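Given below, in the form of structure tokens, are the structures.
Common to both upcoming complexes is chain A, partnered first by chain B, then by chain C.
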Partner chain A sequence: MREILAIAKNTFKEAIRNRILYVILIFALLLIMFSGVLSELTISSRDQIIKDMGFAAINLFGVAIAVFVGVSLVYNELEKKTIYTIVSKPIGRWQFLLGKYFGLLLTVWVNMLVMTYFFLVSLHFNIEADPDSSLLQVLGGSLGKGFVNLFAWGAFEATRNVMFVIAISCLELAIITAFAILFSSFSTPTLSMFLTVFTFVAGRSNEHIVRFADHIMNNAHKIAATGDTVPDVPFAYYFAEVAAHIMPNLGAFHRTVAQAIYEDKVQIWPGTLIYGVIYTAGILCLSILIFNRRNFK
Partner chain B sequence: MRKPIFSTIALVLACVAFLGGAAWIQHENIYRWRTFFRKFRDTLYLPSSEYVRVTATGYDMVVADLLWLRMIQVFAAGWTTEDSPKQMKHYFDIVTDLNPRFVDAYSFAIMAVGEEHRQTEMVQDIVAKAVRNNPFRYEIPYEGAFYANWKIEDAQLAEFYARLAVMDPNVPNYVRRWIQFFELKQGKYRVAFEKYLSDYLRDIAANNHQLYGIHNAHLNRAINDWFKDELRQRAIEWKDERGVYPTVDELNAGGRFLEVELPDVVYIRNLINASIEHGGRVLTDENIMNHLNRALRDDWVVLPPGPYEFQEPSFPGFVVWPYWDEDNEFFAISSAEAVDRMKYVANNAITDAEAYQEARGGQCPSEFSEFITAPELLEFFTEYVDPFGGNWSWDAENCEIVSSSFPNITTMTVPAIR
Partner chain C sequence: MWIIETENLSKYYVRDVIDTEFGRLQIKFRNRRTEALKDLTIKVGEGEIFGLLGPNGAGKTTAIKILMGIHFPTSGTARLMGKPLGDRAVKKRIGFLPENPYFYDYLKGWEFLDFYGQLYGMDRKTRRNKIEELLDQVGLTEAANRPLRGYSKGMNQRIGLAQALMNDPDLVFLDEPQSGLDPFGRKDVRDIIISLREKGKTVFFSSHILTDAEMICDRVGILFEGRLRSIGPLGKLLSSGVTEWEIVVRGVKDATMEPWRENLKRLSKVEGDFWAIAEKEELTREIIQRVVSEGGELVSLTPRRESLEDYFIREMQGSKE
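What follows is the complex of A and B.
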């Protein structure tokens, strides 16, 4: 355990020195702040637009950090031959990989926390601002409230469900980070990046894959009904069914955003949380399996 | 080694020349951009919500928000495009497929395609979809009930929607009253007044400047139509009894407006101004209900002042204008609109007079019949008194139209009428 923590700590230190991280972070913060400007373009639903944009920005840039920072983590160790000094010590490959994973996850989560803080500040600034107060007073109040909100999740009416949604989003990103590590353990950074992004898109489209399978089956039934025969199930149906079961169902985590905006309380099926944890564990096991068999020469 | 000074200067000069040239071309671009008329062209390709949903990769709500902003632009560009309602409906369908709980999109669509473009079938589609997706929200059937009553005058449909709306416990109390109005096919103007005033006050409470103009115009129109309808009814009653059309003063003296329920525009004007001044903070839902009740009075002795916005001392109240028949929109009319109309007709006559002069080498006509060719227009100047009881005459010496009510009718300032 100590070994994993040490590698995680080092990975975190290394990741926060990565310049691309700051570029992504600044871009995300600008987008979060810009949501306030964008909301001025609407004739109503101002709060909804600020929240939608904020949640989406945090999630999307969280994914971007996981992808851009994560894909080169293992590859760099191999490229710079630093892996030899690590594996020559009494550290298992699985410990190395888990350390890398948790270090990267910590980086992603810390960045999400920073983005969330600015999102909360933006919400307090745009939604709860008292028109009689000066700009400095409003800004000061929003900065303070945002900070309190990070710890007291339900302290303010306007931001009551925000932290809960972010926590669920963190779980979604744990899966994406695991995929980044998985692909990084056997391929080049560019290929890993594409594979991770494709996995994210496929994961977000999981429900569409299910619908596609249903559509194929319905068509098969329709064709069979005209000839009064047993439907001949096409191969594409099995393919879609298998894909829907294997690909991560990331949409399940994202549903809380609508609840946070339209409902008093955010609820999630406990099965989804368990699914997130065991799916991540599964991908990490697969990564270790591949990494263990990898030849470093 | 030191770089030669002339190469540095040359580089600086080149920079200034290139950037200066670019700025000069950009200046021309800005001029063109500002002066050229551009027709709004929607180039966004949106085949169906299914495609959009797939490409949104889970960020459905953000995409819905962005398309919602685009839908507002399409609405704003409605004056330059022919198919604006169709385009808006297409956006609306995609926005509400991506985010079925986007209540404001439904309300806005009803207002845009219904009230502004009168597309009844589209409104019914919108309400049906809204009720399907948000069965426990009163906002959409409330809009539908109002639209059915106010625009298409289908009391049965209005009642149906109102009954759907009152299933939501959060529905404002006055909507419960609407059901009775719809059952009896009464209270058309009162319903419009309650709807538009409460909408306007809610906009102020939400500090929603973008909708001020729209709801301000709607409220003024509703109040104006209500006053005109009451005046028209009483003028016709009077004519039936006495054979001649009355003036408003005669109706007032005859006590014809006793206990007639009409909005108190002075109260409304003060309420709106004060609310805007205080940033709408004093307007809670309960307050709005109280204001709605207080803004309506039935203890009038004479016809009260008219629409709160374009009512001003130079053109007070309303007039009966017998030049037009009872069913004409100008028969019972606000003074401001009457002056506006008079000015419009007088300007047409002046154009005819100028054409006459031009054709005859500057000779001024001696009477109306010499230059006004249209019989109806000639009657307007010769047979009828104007809405304020004055007469028109032709001043051949100065070559101009003269009114005994308003001597400078062609040049006077008419308040903006919305």
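What follows is the complex of A and C.
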């Protein structure tokens, strides 16, 4: 455990020195801060727009951090041959990979926390602001409330679901980070980046893929019924079914975002959380299996 | 018990290659097999300094990579301290410095060593004491708080050596430890290796810098094109007798020395002195007698024995033929 922790700490130190991380973070923070301004230009509910943009920014930029920082972490160790001295030490390759994973996950989560703080400040500033107070007072109050909110999730009515949704997003990102490590353990950063983004998009569309498969099957049945024959199931059906079962069902996690914005109550089936943890563990096991068999060039 | 034991250790690399021939548009996908190491069998005893020597591409690094678990052998077996490769308890007693090491350049010198200390499971106090001792040993105490990206190549090599010694290992693998170092740096590394032997440690190192290997090795193995060509103590490998004589004489005419030119390995005149190298003892004696009889002066007479470099080149030429 101590060895995994040492590698995770070192990975975190390496990741936070990556300039791409700050570029992504600045973009995310600007988007979150300006969501209030943009909400003035819309006819929908103001807090819905701010929340919608805030959650989207935190989620997408969280994925961007996992992808852009994560895909090169293992690759760099191999390319720069720093792995040589690590492998010769009394640690298993699996410990190295888990250390890398937790270090990257910590980086992603810390950044999510920073983005969430600014999101909460933005929410308090735009929604709860007292019109009689000065701008400085409102800003000070929002900064304080945002900080309290990070620890006391239900302390304020307007933001009571935010931290819960962010926690679910953190689990979703744990899956994506595991994929970034998996792809990075056997391919180049560019290919890993492409594959991780593809997995994210396919994972978010998982329920659509299932619906697509059902649609294909229904059509096949309809065609068969007209000719009174056995339905000829097309290849696309099997492909969609297999894809839907292999790809992570990220939609199950993302559903909470819509609940937080448009409904009053955020709910998640406990099985979804267990699914997330097991799925992540499965991907990490696969990464370890591949990594254990590798000759480092 | 042998500290290092390998038996018929082999490694082949398979590369996918695409052969194209546009004359009749032929594209073939083939696997090309490169034989990096073939049937390496060596045994290294406790407290020995063993040098694995050979030109670039001979398979030295491949052998070390296999022993360190970086590569898996294609066939053959290897044991370290009597245990199969990868044994965690054995790894705790091993230190390793790779060739041209590149480390985490964002870490400061002491942070870097502290990280490796943690990988060995050392507690904070032991780590701190060991880091101070090693930084002093490799002469980097002043640079301890500087990030590694500001280190020169020599400093990098020295901090790499320090990480290899972090766990006070019983067996140290050094892959080309003197490569890229200036004479002072090479001497420092040499001194550290010798001090390890004095402490009873076993050192296995690869090198193509033969003069250094000659100074410190108890035994050497010579690798060429992946095969072990010879192995043994330097005393046995090198010819024990004198192979040539270096003669420097003064105060004789050109006509006195010229008749011997054809029989000498080398004859040159530097600032009035003749400098000659003879390969036969009789010829040397004849030259000296003639010079003395003609009133000349014998400045120096140096017998030369075969160096590791001479032996190495002889072996390499033999292998090529």
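Definition applied: the second predicted complex is superposed on the first by the 296 of 297 C-alpha atoms of A that agree within 3 Å, B and C clash if a C-alpha of one lies under 4 Å from a C-alpha of the other, contacts with A are read in each partner's own complex, and residues count from 1 in each chain.
The rule is short, and it goes like this: contacts are C-beta pairs under 8 Å (C-beta built on N, C-alpha and C of every residue); 3 or more make two chains touch, one makes a residue touch a chain.
This is a predicted model, so every value here is computed, not measured.
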Chain A as common anchor, with chain B and chain C clashing or fitting: fit
Touched partner set for A:56, first chain B, second chain C, both or neither: first
Superposed arrangement, angle subtended at the Cα centre of chain A by chain B and chain C, nearest 10 degrees: 150
Which superposed partner A:91 touches (first chain B, second chain C, both, neither): second
Partner chain(s) touched by A:3 [first = chain B, second = chain C, both, neither]: second
Contacts of A:272 with chain B and chain C, given as first, second, both or neither: neither
Touching partner for A:259 - first (chain B), second (chain C), both, neither: neither
Touching partner for A:82 - first (chain B), second (chain C), both, neither: second
Chain B and chain C, minimum CA distance [Å, superposed model]: 28
Footprint overlap on chain A, comparing chain B with chain C: none
List of chain A residues in touch with chain C within their complex: 2-3, 5-7, 10, 13-14, 17, 80-92, 293, 295-296
Chain A-facing residues of chain C, complex: 65, 68-72, 88-89, 91-92, 94, 96-98, 101-104, 106-107, 115-116, 118-121, 160, 163, 173
Complex interface listing, chain B residues touching chain A: 53-54, 57-59, 61-62, 64-65, 68-69, 72, 99, 101-102, 104-105, 107-108, 206-208, 210-211, 279, 281
Chain B partner contacts - residues on chain A that touch it in the complex: 38, 41-46, 48-49, 52-53, 56, 59-60, 131-132, 200-201, 204-205, 208, 250-251, 254, 257-258, 261-262
